[in-house]
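What follows is a pair of complexes built around subunit A, which joins subunit B in one and subunit C in the other.
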Partner chain A sequence: MEFVVFVIAAAVAVAAALMMVLQRNAMYSALFLVLTFFCIAVFYVLLGAFFLAVVQVAVYAGAIMVLMLFVLMLLNVAHPEPADRRLAFLKPFGVIAALVLVIELAVAVLQAPTEPAAAVGGAATGAARQATPIARPAPATPAPAFPLPPEGVGAAEVGHTQALASVLFTRFLLPFEVTSILLLAAILGATVLARKRPETT
Partner chain B sequence: MPPGFALPALPATVPTEAYVVLSAVLFAIGTLGVLLRKNALTIFMSIELMLNAVNVAFVAFARQFGQFDGQIFVFFVMAVAAAEVAVGLGIIVDIFRSRRTVDIDDVSWLRG
Partner chain C sequence: MFDWISWNVVLAVIAAFVKAFVVVNALLVAFAYMTLTERKVMGRMQVRYGPNRVGPFGLLQPIADGIKLAFKEDVTPSQANIWVHTIAPIMALVPALIIFAVIPIGPSLLIADQPWTWYIANINVSYLYVTAVASLGVYGLVLAGWASNNKYSLLGGLRASAQMISYELAQAAAALTVVILAGSINLYEIVEQQNRSLIPYALYLPVGLVAFAVYLIAGVAETNRAPFDLPEAEGELGAGFHTEYSGFKWSMFFMAEYVNMVNVSAIAIVLFLGGWWPAVPYLGETVAGIVGPIFFLLKLALFMFFFIWLRSTLPRLRFDRLMGLGWKVLFPVALVNLMVTAVIVALWPTGVWPFI
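Up next, the complex of A and B:
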């Protein structure tokens, strides 16, 4: 059942992404991208990341794409791109480069150890990888001041909002705060860029 | 679903490799968009698609290893993407103000 949902969502996601890329009208591209984002939210649900699925719909499909559509309509450039005039000979090279990337990534994925979670620390990946026990459950954070989930946060627990928050606000507190500074800088930058500047040029 | 009733060919859960392959395909489609399109806004959307493709791989690996780190990283990627969209759209609007176009072929001042 889960596999069927995955296959359907994956087919829709890839088809919508292709339509997004091949569409000449930027407005249709944006709407197909929203469809792809919804499919990605479906993947998050299948992977147990329920909170991320909600954030995906609210932030990406909601806020970011609304911002894009807003600018698209503000600039009124949604009319179809004219069939290319200069540099048209470069388009096949773009397709070839993307195909090469697909082949490269496919080879990289297929050559990776296929045994999930067991082969990571195995001999195939070398001794350096063995030093870092990636495959183990999350180590307990030192002196948790918050009610952490029961120890050994397993795959079944991943995605529970409370557990996610307790990790985010303890082990990843500093990156979280740095992110807030980044967002502040982005707000200031966007404001400066969008401001009506005096005619000095 | 009773065991005799289930289709035998289908695995119970989707393997991580399937998500990684899907992520690679979506990333390549995003790359194709960046290479093919001339509209700056469409290129922006393609970059968003690439970021999302990477996020799928992150969440898939988070499930495989039973750790939150991948999901936490997706949060940070989303925050950076939001900041990038805000600043990037500001730049595009600014370019449109001075040039009346968002075609990247017309905005090649930096070409050496």
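Up next, the complex of A and C:
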């Protein structure tokens, strides 16, 4: 079951990502990107990381892409535009970057432990479970990603919201606060740029 | 190859499918009769009768409307983007329908030693799920406005996206007040907390009441209902984002709007009014499990009436006033309220509210 869902989501994700890059129409690209985000959220659900899945949908699909669409509509770039010749020299670099990323991911997946550890939704666990979804036909706990209706499932394996929060506010407090200061600076910058200057009015 | 599938899981899946089928159909029937109720109640408020010709008391009016809409010609403008024009109503309706999956309308109970639950799914992050899915509803409106290739539709879509993004913040900040009070983002757990203390969070003075008010106002704006129905302001924009829609696609936008009203009301009941409160706990588990949903649905009906009442009473806002209200009044109020709540909870962590 988990495997079937994974295959469908993965196929849709890859197809949508390809379509996003290949589309000439910026609006279609944005919509296919939303579809890709959904498929990634499905992966998070399969890995038992409900919090990440929901935040992925809320932040990327629900907020950022809506703003992108807003800007696209405001600028009215509805019609396909010819490829920009000035940026053609960037194409080889793009291919190189993509190759490097693929090699990096392959190394990470191959080196990851094959047994799913009891880590807090870590990337290594995720990679291992994605790489070997069918290698464990009889999981000890029947598919922890599957939310059974009764409360008896146990809170430890569902969500990890509390674990994530406690790590975020203790071990990673400094990066967390630095990020928020960065965001604050960005907000202030946007406000300053958008404000009407007194002498030009 | 299927020996690792346990029958409990299969049963749970079947139960979830049946419940989802029932909930979706109940929501759509509720939509149909909400249109009739709205027309009749608004009629009475405007000193006229409202629809009363089709069937006894006009009770068959929604069916007549449905038949008419299903057989109406489905016009797509020649310059419109056909794909997006077709997908947009679906993208408006589907998020509205799937939100209800996590809303608990009654306490869990045992029927013949089998657990019975009044929700489809009880995920640990159910409130976040609600916000995430609700924020997707705006796509339908925005894409409808864009794909219609019509200036008024486009303006309606732009207004919809700006309005819904703005009011989402105030709504979420108001709901976070309750999350802090309950110490959980699980909707079922939030209701249980209120029933354990016998006091719904709207009565946690003063912060609960303020949060409730902010949530309600923002919720009306999120559903694009009067007085915040700027995306479809007929005086300025034709019919706004659904100007170029007819027949069944048009009715899907209306289904989405009414189902969203039900969702906003249901979440407000869960967060602030204690869900099935006061059905628990003195009634005993079994009685509470059967009576609880009735209390919930009664509160839901009151909310629906409130929405209709608002629409027939208040004039529409101007768009800059709408944005001003969202960003300069509701959002700061909700934020300050949230901070006050956090301070109080930090000072009195015993769970006993000091101001009641």
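Here is the rule we go by: the second predicted complex is superposed on the first by the 114 of 201 C-alpha atoms of A that agree within 3 Å, B and C clash if a C-alpha of one lies under 4 Å from a C-alpha of the other, contacts with A are read in each partner's own complex, and residues count from 1 in each chain.
Everything that follows uses one rule, which is that a contact is a pair of C-beta atoms (placed from the backbone, for glycine too) under 8 Å apart; a residue touches a chain by one contact, two chains touch by 3 or more.
All figures in this text were calculated on a predicted structure; none of them were measured in a lab.
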item: First (subunit B), second (subunit C), both or neither touched by A:Leu67; value: both
item: Which superposed partner A:Thr161 touches (first subunit B, second subunit C, both, neither); value: second
item: Residue contacts with subunit A in the superposition, subunit B compared against subunit C; value: B
item: Contacts of A:Leu18 with subunit B and subunit C, given as first, second, both or neither; value: first
item: Subunit B versus subunit C as contact partner of A:Ile40, first or second or both or neither; value: first
item: First (subunit B), second (subunit C), both or neither touched by A:Met1; value: both
item: Which of subunit B and subunit C A:Val55 touches, first, second, both or neither; value: both
item: Intersection of subunit A interface sets (partners subunit B, subunit C); value: 1, 55, 63, 67, 74, 137-138, 155, 158-159
item: Subunit A residues within the subunit C interface of the complex; value: 1, 27, 31, 34, 50-51, 54-55, 57-58, 61-63, 66-67, 69-70, 73-74, 78, 137-139, 142-143, 146-151, 155, 158-159, 161
item: Residues on subunit B engaged by subunit A in the complex (per definition of touch); value: 1, 10-22, 24-33, 35-39, 41-42, 44-46, 48-49, 52, 55-56, 59-60, 62-69, 71-72, 74-76, 78-87, 89-94, 96, 101-103, 105
item: Contact footprint of subunit B on subunit A as seen in their complex; value: 1-4, 6, 10, 13-14, 17-18, 20-22, 26, 29-30, 33, 36-37, 40, 43-44, 46-49, 52, 55-56, 59-60, 63-64, 67-68, 71-72, 74-75, 77, 81, 84, 86-87, 91, 93-95, 97-99, 101-102, 105-106, 108-109, 112, 114, 116-117, 120, 134-135, 137-138, 153-155, 157-159, 163-164, 167-168, 172, 175, 179, 182-183, 185-187, 189-190, 192-194
item: Residues of subunit C that touch subunit A when the two form their complex; value: 1, 3-6, 8-9, 12, 15-16, 81, 84, 108, 115, 117, 119-125, 128-129, 131-133, 135-136, 138-139, 142-143, 145-146, 154, 157-158, 161-162, 164-165, 185
